[in-house]
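Quick one: the structure is below, questions incoming.
Per-chain residue numbering starts at 1, and chain names A, B and C are given in the order in which the chains are listed.
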Amino acid sequence: MQFLGYLISGISLGSVYALIALGYTMVYGIAKMLNFAHGDVIMIGGYMVYFTFCSRGWNPLLAVLFAMAVCTLLGITIERVAYRPLRSAPSLAVLITAIGVSFLLQNSAMLLWKSDPKSFTSIISLPPLSLAGGKLSIPAETIVTIAVSIVIMVVLLWFVNKTRIGHAMKAVSEDRGAAQLMGINVNGIISLTFAIGSALAAVAGALLLSSYPTLIPTTGAMPGIKAFVAAVFGGIGSIPGAFLGGVLLGVIENLSKAYISTQLSDAIVFLVLIIVLLVKPTGLLGKKTAVKV
Amino acid sequence: MAKKNGKTRKKSTRTYVFSFSLILVFWAGIEIAGNLGMLSSKMLGMLIPICAYAIMAVSLNLVVGFLGELSLGHAAFMLAGATAGVVFYNGAGLTMHQVPRVIITLIIGAAAAGVFGVIVGVPVLRFSGDYLAIVTLAFCQILKNVLSTTYLGVDSKGIHLALEQSSFRLEPGAKPLIKGAQPISGINKISPNMMISFTVGIVLLLLTVTFVLNLMNSRAGRAITAIRDDEIAAKSIGINLTSYKLMAFISSAVFAGLAGVIYVLNLSTLDFKKYDYNLSINVLVMVVLGGMGNVPGSIIAAALLTLLPELLRDFSQYRMFIYSIVLIVIMLFNQAPAFVQLRQRFVAKIRGKNPAGEEPVEKADGSYFEKHGKEEE
Amino acid sequence: MKKVITVALTGALAASFVMSAAAAETIKIGGIGPITGAAAIYGSNVMNGMEIAVEDVNASNPDLQFELQFEDDEHDPEKSVNAYNTLKDWGMQLLGGTVTTSPCLAVGAEALNDNMLLLTPSASSQDVIDLGDNVFQVCFTDPNQGTASADYISSQKLGEKIGVIYNSADAYSSGIYATFMAEAEAVGLEVVAEEAFTDDNSTDLTTQVQSCQNAGADLIFLPIYYTPASQVLIAADKMGYDVNFFGCDGLDGLLTVEGFDTALAEGVMLLTPFVADAADEKTKDFVAKYAEKTGGDVPNQFAADGYDVVQVLYAACEKAGVTSDMDASEICEAVKAVLTGGDFSYDGLTGEGMTWDASGAVSKAPRGMIIENGEYVSLDAE
């Protein structure tokens, strides 16, 4: 019973990682860049929900939609101003710029909203799900987060595989030059990818903070890094891989805290990651890419 | 072919001359100004950090620029070197004369970082690209985490090592060398005279630059460059990939260890928390800003990026906000093709040359770039 | 060409660091702490507290004026030393800082070299005052807090089975934890769960709370700051785990977290030197000024510590007859002599009758508080 309790809290954390990792992997898959600022877009989304829902009492759904709109706009702007001029520059240059954007978002948030912590009210007002005669309870936030992650995963898979724009995205991801020759608007597709990724970040922010309610300007940084790890764990670029990697990462983290050592749980998580990658170098669900000579 | 070889040699000589004169001019300028008492305390205080970051950047350039692999865990080697060095410095070295004490500390730091480089390098170099990046990051987090739960001390019964506070008992009066997450303090400076410490830093920087430039212009260096440019072709002509990759990786780790030692000896305190991926990323920014594979560039970028936040002090809490904007603008200006062309045209105009002419774009020549970059054209 | 420009630029940057001398009219006080970065909340509070105190002391006596400059260190030892050197170039004569422990260890070593008096508002590690005889604290030293907490819990019989949740990557938290455990063993407290977290995995603290519950703890000791503590309280509430909490001065600020349901903090006990809603004139006055300065914020104990630092330095300077033409080393000796002279005591926001001995540690009585109906109530009164 204790084990199940720990497992559930692991899944709660994992579902949040999974949701963030989906946005990460989406942008990585199409734009081929590690968007280090993703975690900070989540933080901005969190503040948007905080100011509308927690402070002004908006309808939670409306608040999340508002945050999604703000983050979409932010994502497109960031892409347009900071990343697009570097489209044909080395990808490491974009990586560094993304780090600059991440600093910029954190420091802007600090100047705008100060650094004191804000406690987030959960946007989910449902009671927890009781199991085994009340001995176990699964927080409603966890159930909603998992459900939302699965829905997003399925919709993304459908979108990428079945729609025309999705096909265009895949084409851009496979070979940008060829896609351009085929008349695909590469810049438009990448902007769209950032728009979707940032909208997902807003949802992730709202749900992350519903489960773990401390909101500060650096709130997004660590979950962002962990989600990056989760995305690599599951096979970066793979949408189901991001989900699986996220959930597993959360479960491993919490079980090692519960049964091995709370002090060493970071080390254990990363050790498991290394071992998994040694056995399966492209992550759990990653595609093996053949090297062309 | 012969002509091309001649040209490369000339270019490498130019790099040597430029790098050494850069470092020596910097050193001489500071020494003169320092002895005339013209330097502010702030400048004096930043000399060693600048040397340490320059060594970090040059050594990381070996992996990122020359080997063409992205490492996000360079801080781990700095930490390994610093910790091992300090344990000796504050432990067995406490009663020694300062000169051998510092030298042995440096050797121990470099060796420890080298050993950790082997431990990390062997598994890590099986990966490439983002996977390698994440695994180096993972090793850095592991080292930081394990050290923050380590307790180490010496008393009359011998050495005590524990991973938990509760099982760590020292005799009264014995001073622990590592006490978990609490920063190690009371580390004496190399010398109370900053100019002497600074000279040590410069000597180490010269050592690093000499080694890296020599390595790059040796047979091994050409093999490493070949691996970067085309791994399969390199393999097919019989280059042993693993041993050359390891060579670059471990050398890089050793110098990061040296940087770690002078850094903590200067700071008088060692807090494991600082050596995380943020530090690795800062060093990476220096490498990219200075130009991949460009040794003097790394040194200049290290100095600039260390000085920049200090120059922005007048802006108080807006400081880091402005720093981040400056960082983005510099990257755009330096790397965006539109800006690069604009700059070239401008330079060409000044020199009265054909815009398509001589001045080569100082574009990066790392394979990490080209692997992804090529298909984006 | 690019190289030439860059080299020229570097040279220009370097040149701008060359010293410029300034004339001193008043006594220059330096302050160092994080006002950007993840720990910015602590530094900003101290900075505001110090600024208010400087306004107060300058108004109190026109003959002795303080001028304050506060520099950012991002909670990083290297940046902190840079901040210290910046202040030195400015002409600092007394240092009220640094706010956090690990930067303070680096700056303390420099201050020792220069014989600069350092009075830290909140760097509470024992190592800080062990650096040298010119380093003093306004806050309690960590070991004292750990020992006092264990003694308090044991003597007041607040709990039978104790769980501890602490930050193992933080000097403040692991320092208190260490001495708490030693004292708990000495006084026979039964500690059933020792759970740690680090800054890297502090997103989720549920597992740690679950482990305490599973071990049957009826009191959880929280030697941590109020931000993670609010997470612990929320997690325990969500799990329906009815348990008492006991914390140290880091817990102060809990009630001021924006959006936090203060009902969850009901019954939380803490040892703290400062409470923002205390009824005495001094605190009321300070809280009002603080709100006016920051647009409605409530000061936490860091702000109060910062305020006291300036007040203590001022009182000591007045008593020692410090004048603005004295250099830092002379002022250091004079102030040190007053602080450790035996007849100096100061009634501040964070304690009545604060005195110092040569070790640099402050002696003041910790106050046991309990949160009832969203307010602090003294535990001792019961």
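To be clear about the criterion, contacts are C-beta pairs under 8 Å (C-beta built on N, C-alpha and C of every residue); 3 or more make two chains touch, one makes a residue touch a chain.
For clarity, every value in this text was computed on a predicted model and none was experimentally measured.
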{"item": "Chain at maximum distance from chain A, centres defined as averaged CA atoms", "value": "C"}
{"item": "Between A-C and B-C, the pair joined by more C-beta contacts", "value": "B-C"}
{"item": "Whole-Å gap between the CA centroids of chain B and chain C", "value": "34"}
{"item": "Centre-of-Cα separation between chain C and chain A, whole angstrom", "value": "35"}
{"item": "Set of chain B residues in contact with two or more other chains", "value": "141, 145, 148-149, 317, 320"}
{"item": "Junction residues of chain C, two or more chains touched", "value": "36-37, 40, 44, 168, 198-200"}
{"item": "Chain A: positions in contact with at least two other chains", "value": "107, 110, 263, 266"}
{"item": "Chain A contact footprint on chain B (complex, rising order)", "value": "64, 70, 123, 126-127, 130-131, 134-135, 137-139, 141-142, 145-146, 148-149, 163-164, 232, 277, 281, 284-285, 288-289, 292, 317-318, 320-321, 323-325, 327-328, 331-332, 334-339, 363-364, 366, 368-370, 372-373, 375-377"}
{"item": "Sites on chain A touched by chain C in the complex", "value": "2, 5-6, 9-10, 12-13, 16, 50, 54-55, 107, 110, 114-121, 128, 137, 139, 208, 211-218, 222-223, 226, 250, 253-254, 257-258, 262-263, 265-266, 269"}
{"item": "Residue numbers on chain C that touch chain A, as the complex places them", "value": "36-38, 40-41, 44, 168, 195-204, 206-208, 210-211, 214, 226-228, 230-231, 234, 238-240, 256-261, 297"}
{"item": "Residue ranges of chain B touching chain C (in the complex, touch as defined)", "value": "18, 22, 29, 33, 38-46, 49, 141, 145, 148-149, 165-166, 179-183, 185-187, 189, 192, 263, 267-269, 271-274, 276, 296-297, 300, 303-304, 307-311, 313, 316-317, 319-320, 343, 347, 350, 359, 362"}
{"item": "Footprint of chain B on chain A - complex, ascending", "value": "32, 34, 82, 85-93, 95-97, 99-101, 103-104, 107-108, 110-111, 175-177, 225, 228-229, 232, 236, 261, 263-264, 266-267, 270-271, 273-274, 277-278, 281-283, 291, 293"}
